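For reference, the structures are reproduced in the following blocks.
Next, two complexes with chain A in common: one pairs it with chain B, the other with chain C.
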Partner chain A sequence: MMKLQFDWRSRLSRFRVWALSFRGGITLLCLVGLLLVPLTGREYLARIVITAMILTIFAASWDLLAGFAGQVSFGHAAFFGISGYVTAAFVKFVGAPWFLAIFIGTGWAVVFSLLIGIPCLRLKGPYLALGTLAFALILYNLFLTGTWLGGTEGISALPNIGSVFVEFYIMAAFMVASLIIMRAIVDSRLGTILKAIRDDEVGADAAGINTTVYKLVAFMVSGLFAGISGGLFVLDITAVNPAVYQPLYSFYAIIMASIGGIATIYGSIVGSFLFTLLSEFLRPLAAASLLIFATLLILIIRFSEEGVMNPFLEHVRDLWDKIRGR
Partner chain B sequence: MYGIYGIRYEEGKMGLILEVKNLTKKFGGLTAVNDVNFEVHRGEILGLIGPNGAGKTTLFQLISGFEKPNSGSVRFNGVDITGKRPCQIVNLGLARTFQLVRSFRFLSLLDNISVACLSPRGREAFGEVGIDAAASSILASVGLVDKARLPPVILPHGDLRKLEIGKALGTNPEFLLLDEPFSGLAHEESAGITRLIEQLHEEGVTVFMTGHVLRELMTLVPRVIAMHQGRLIAEGPPKEVASNKIVLEAYLGRGEGFA
Partner chain C sequence: MSILLEEILIFGTIQGALLALLALGFSLVYGVGGLLNLAHGAFFLITAYIVYWTIHLLTSIPGLSYYPLVFGIAAVVGLSSVVTIGAVTYLGLMKPLQKSHIGVVLVTFAMAFFFEQFVKFVGDPKTHYIVPVVPGTVTLLGITFPAQLLALVFGSVILVTLVTLFISKSTIGKSIRAVSQDPEAAELVGINTDMVMMTSVMISALLVGFAAVLYAPGNYIAPRIGWGYLLLAFSVTIFGGMGSIPGSILGAYVMGYATTLTDYLISPSFSQIVPLIVILVMLLVRPQGLLGKKRLQ
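For the complex of A and B:
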């Protein structure tokens, strides 16, 4: 048995060391900056950042499955959407409080991740991507042509979960907790096994690892966090319609995770904030914004294969060392 | 009782550890393994020789569960393992290495071994908390402990061969299938692997290994079986098998065929 004693003094000193380290310092700085956003009193900015925080969880959930377990999904919108719909339905038709609704919605996302994961287990690489894409498209069409849950219109006019500033801190808490948990998972023994399956599935099998079980676990964990973000997304915009199942949403996750850096989890923050802020600020340019965006994306992928976060942090670190050395 | 590698030493359990009966595998029109029968005794080192394309690797694939046979059976420790999944077979204590070295490219050498120690059989042997210690002691026993934090991609081929064996040891095997453990190695490196296999054998691990060059196996193996075109053609001490007329024909071709 491990000792469950809580040694505050050693925790505190470890925290000091971490906070004074480069990574710890940057993390704390960003966190404080984030928490100060609502205090500027700008509702518009707070709204954009809320969207970015929700999409961060979504992108990180894709990164966990694709970047760490090597299972590239093109249908992540399925988990995002199903949880969004269930959350909305429970709030609207059952009158459940939002935190209960999101809990149920996430549960459905996990069930669907199993439903999608099991038939897709034998698929690899591009075939897995197509298989997952097909599942999301099936859901999209089912909800688009069906008459249940609002049909084409979806469900709208959900109650707000609070003022924009309350909502901001709730979403921030969800984002921080989700990211810390996901990072802890990929750094754990489970993470080591998932990375081994990603690097060499046959080799993992030969090492006595039941790859089927662990791939399904990866699907479920990823589906869980995609579900959380889907539920939060719907609560934020207070409506849901079949468009959430569109391949576009799956690709959002892929694009954001790729910009930030695949197999990093925290890169999703950088990716989704860049993506959301940029697409918001380029919105007045209409069609031209897409052009700029696409160009930027190509440049990032061409010149920074590992995403922008880690190379950027290295540059900042060099600069920091220079300043201190002066 | 545990040996220096942490591998369980089964005392007093003699007899057959592996029984292969009428094993046949066809790929389309080609019969890669044709009605093969043999037994491996507990604690022995058995060699499998044969020219390229004789079916040695296919035989290993069938035993380790990576291919399903068309007919015949494989029994390990009295348990029928025919058609079982590779990970199930590994967790019964039958581990293997590959002719073409495999590794988890983005994991450190220590984690490469840890993955095997995290298999159900590994956890049972080393305990949940002993994984890291077990992995580093295995790494030490294959002579890679000073490179524990490095990724395998930057390792020379000889080290990857050692890592390959190390990964198999992480699952705490009773029986090791070594597919061409000497392939691509210089003489000194081969000697290192030979010593390692001898040590494992002393700890009670049963070893079944291939090699298409007989010379490497000669010193290590008291008994070999020879394969040609999917069939077993000879069995006995290496010297006898090496001078067997059918085996020589298999390696060198039939004299009259070229006349």
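For the complex of A and C:
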């Protein structure tokens, strides 16, 4: 009992040091800001932020596979879609509670990540990207032409999880937990091994790392989180159709992760919030909105090669140090 | 049965001719600079729309009523714009991001998205129809098909031959091959690699522009069509071998006959998925493609 208490206290002091540091402070500030969103009582804003949070998990899962393990996938929508479909099917046809359905859907996504990962192991670079793209497209066409699970129409009219604000906190909890776990994974020994494989696969092999197993592990972990986001996405919009397998969704993940900054995990938050909020706030401009959006996208990709998060934080930090007179 | 065989022969050749035009440039750009150009389909889209708009503009002038002339002017305008767009895309977007391969992929994807929205914004999201410049139909081996498609086959064969000759015989073609084999060594012997890559992007844009000029008339055009053509170019390139020019020509015709065959034997809705499965099997069994040797020849 004593020991536990002691441990708790040291944790608390470490937390205080972290919270007073620059990055910790910013993170806490953003988290509090996020949790305050439902208190404004604006349902529309909450809906947009929910979408952004779900896409954050999706983008971060791509970042884990591509940014850390170096396995660039163009078919991430496959994991996203399969989990979404299974979740929707279990909620609709079996009547399972949503919480259980998400776990079953995620399990299927992990199985599929193995199914896609094992044959794609021998592919590298653009070939791997295209192989995964082909997998996602096959799934898209199978669900489009097939008659199972609702065919072209998909499954719709799923029950709501709860009111928008309840849903908001559930999604926020999922997002924060997923991001912390992913960050912990990439900071752990496993993350170091993945980075070694990314930087020099032959070298990693020579150093006694079983690259095959670790690449598969990276695929599974990434598939797991993509699956969680797919299930949440379907529960949020209460419908699913074959369009979730479109390459467009895979590219959304890639774009959001790289706007924020590849190989950062947290960059996905910045990327997907920027992406979702920007496309939503430009909507009043009607026809011109997507054109402006596309132009901004080109400019961001062109002029910020390491994403917008890290350079921005550096600037803010310099400013902060200047204000405090250091 | 014999009619079926002839149909497959003719429509497969037409499909193959289109695919060759689409895939050759895509493969060339990948082979020379390792650039995966996702805006390739958007080049088709923008050419088709520029041709459509120019025809629209010119026919409102009272003196011009001779359609082939109008179409010719429109085609020249469309082709020169798409080649310019290709050069500007390379200089402004691809070259600065060349070091990170994912950067090129992202920026060309954003480009493709931009063109789709541009077409929607300047024109409208509806589908349009370009009147074919070669009127009437042709009957060959008992099969009747639009004469425009014959023009497509001839145009494709001529262009593909010209580009192949250009790459194997001319000085610029030789430097293109040199850069694709070893960019650093090519730079050491005094080849301007940026210039060579820009030329190959321009050739690629020209080829896909010709595909649009020859294939879009008689077909419907809409802002979203670019993605479909990109996917076709993609699949043929993988099938034939990335960066291999004979590979992509061979791959285009094999794929053309294969999709036509599945169209007739199974069902048109299934034929969309067959190329994908072929690609997947190809990637797993022979990732470098039919004739791919990581070398452009």
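One rule holds in what follows: the second predicted complex is superposed on the first by the 317 of 326 C-alpha atoms of A that agree within 3 Å, B and C clash if a C-alpha of one lies under 4 Å from a C-alpha of the other, contacts with A are read in each partner's own complex, and residues count from 1 in each chain.
The criterion applied here is as follows: contacts are C-beta pairs under 8 Å (C-beta built on N, C-alpha and C of every residue); 3 or more make two chains touch, one makes a residue touch a chain.
Source: prediction; values computed, not measured.
Regarding the shared-chain residue A:176, is it in contact with chain B (first), chain C (second), both, or neither?
The answer is neither, since A:176 touches no partner chain.
Which partner, chain B or chain C, touches the larger number of chain A residues?
Between chain B and chain C, the winner on chain A residue contacts is C.
Taking the superposition as given, does A:28 touch the first partner, chain B, the second, chain C, both, or neither?
Once the two structures are laid over each other on A, A:28 reaches no partner at all.
In the superposed arrangement, which partner chain does A:115 touch: chain B (first), chain C (second), both, or neither?
A:115: touches no partner chain.
Counting only touches as set out at the top, which of chain B and chain C does A:135 meet: first, second, both, neither?
second
Based on the superposed arrangement, let me know which partner A:254 touches: chain B (first), chain C (second), both, or neither?
Second partner only, chain C.
If you stack the two complexes on chain A, which partner ends up touching A:282: first (chain B), second (chain C), both, or neither?
After superposing on A, A:282 lies clear of both chain B and chain C.
Based on the superposed arrangement, let me know which partner A:125 touches: chain B (first), chain C (second), both, or neither?
second
Where on chain A does chain B make contact in their complex?
Per the touch definition, chain A meets chain B at residues 189, 192-193, 195-196, 198-200, 202-211.
Would you tell me which residues of chain B are touching chain A in their complex?
Chain B residues touching chain A: 64, 66, 85-87, 90-91, 95-96, 98, 102-107, 111-112, 114-116, 118-122, 131, 167-168, 170-171.
Considering only the defined contacts, which chain A positions touch chain C in the complex?
66, 72, 119, 122-123, 125-127, 129-131, 133-135, 137-138, 141-142, 145, 247, 251, 254-255, 258, 262, 287-288, 290-291, 293-295, 297-298, 301-302, 305
Touching residues of chain C toward chain A in the complex: what are they?
30, 36, 92-93, 96-97, 100-103, 105-107, 109-111, 113-114, 116-118, 120-121, 227, 231, 234, 238, 242, 269-270, 272-273, 276-277, 279-280, 283-284, 287
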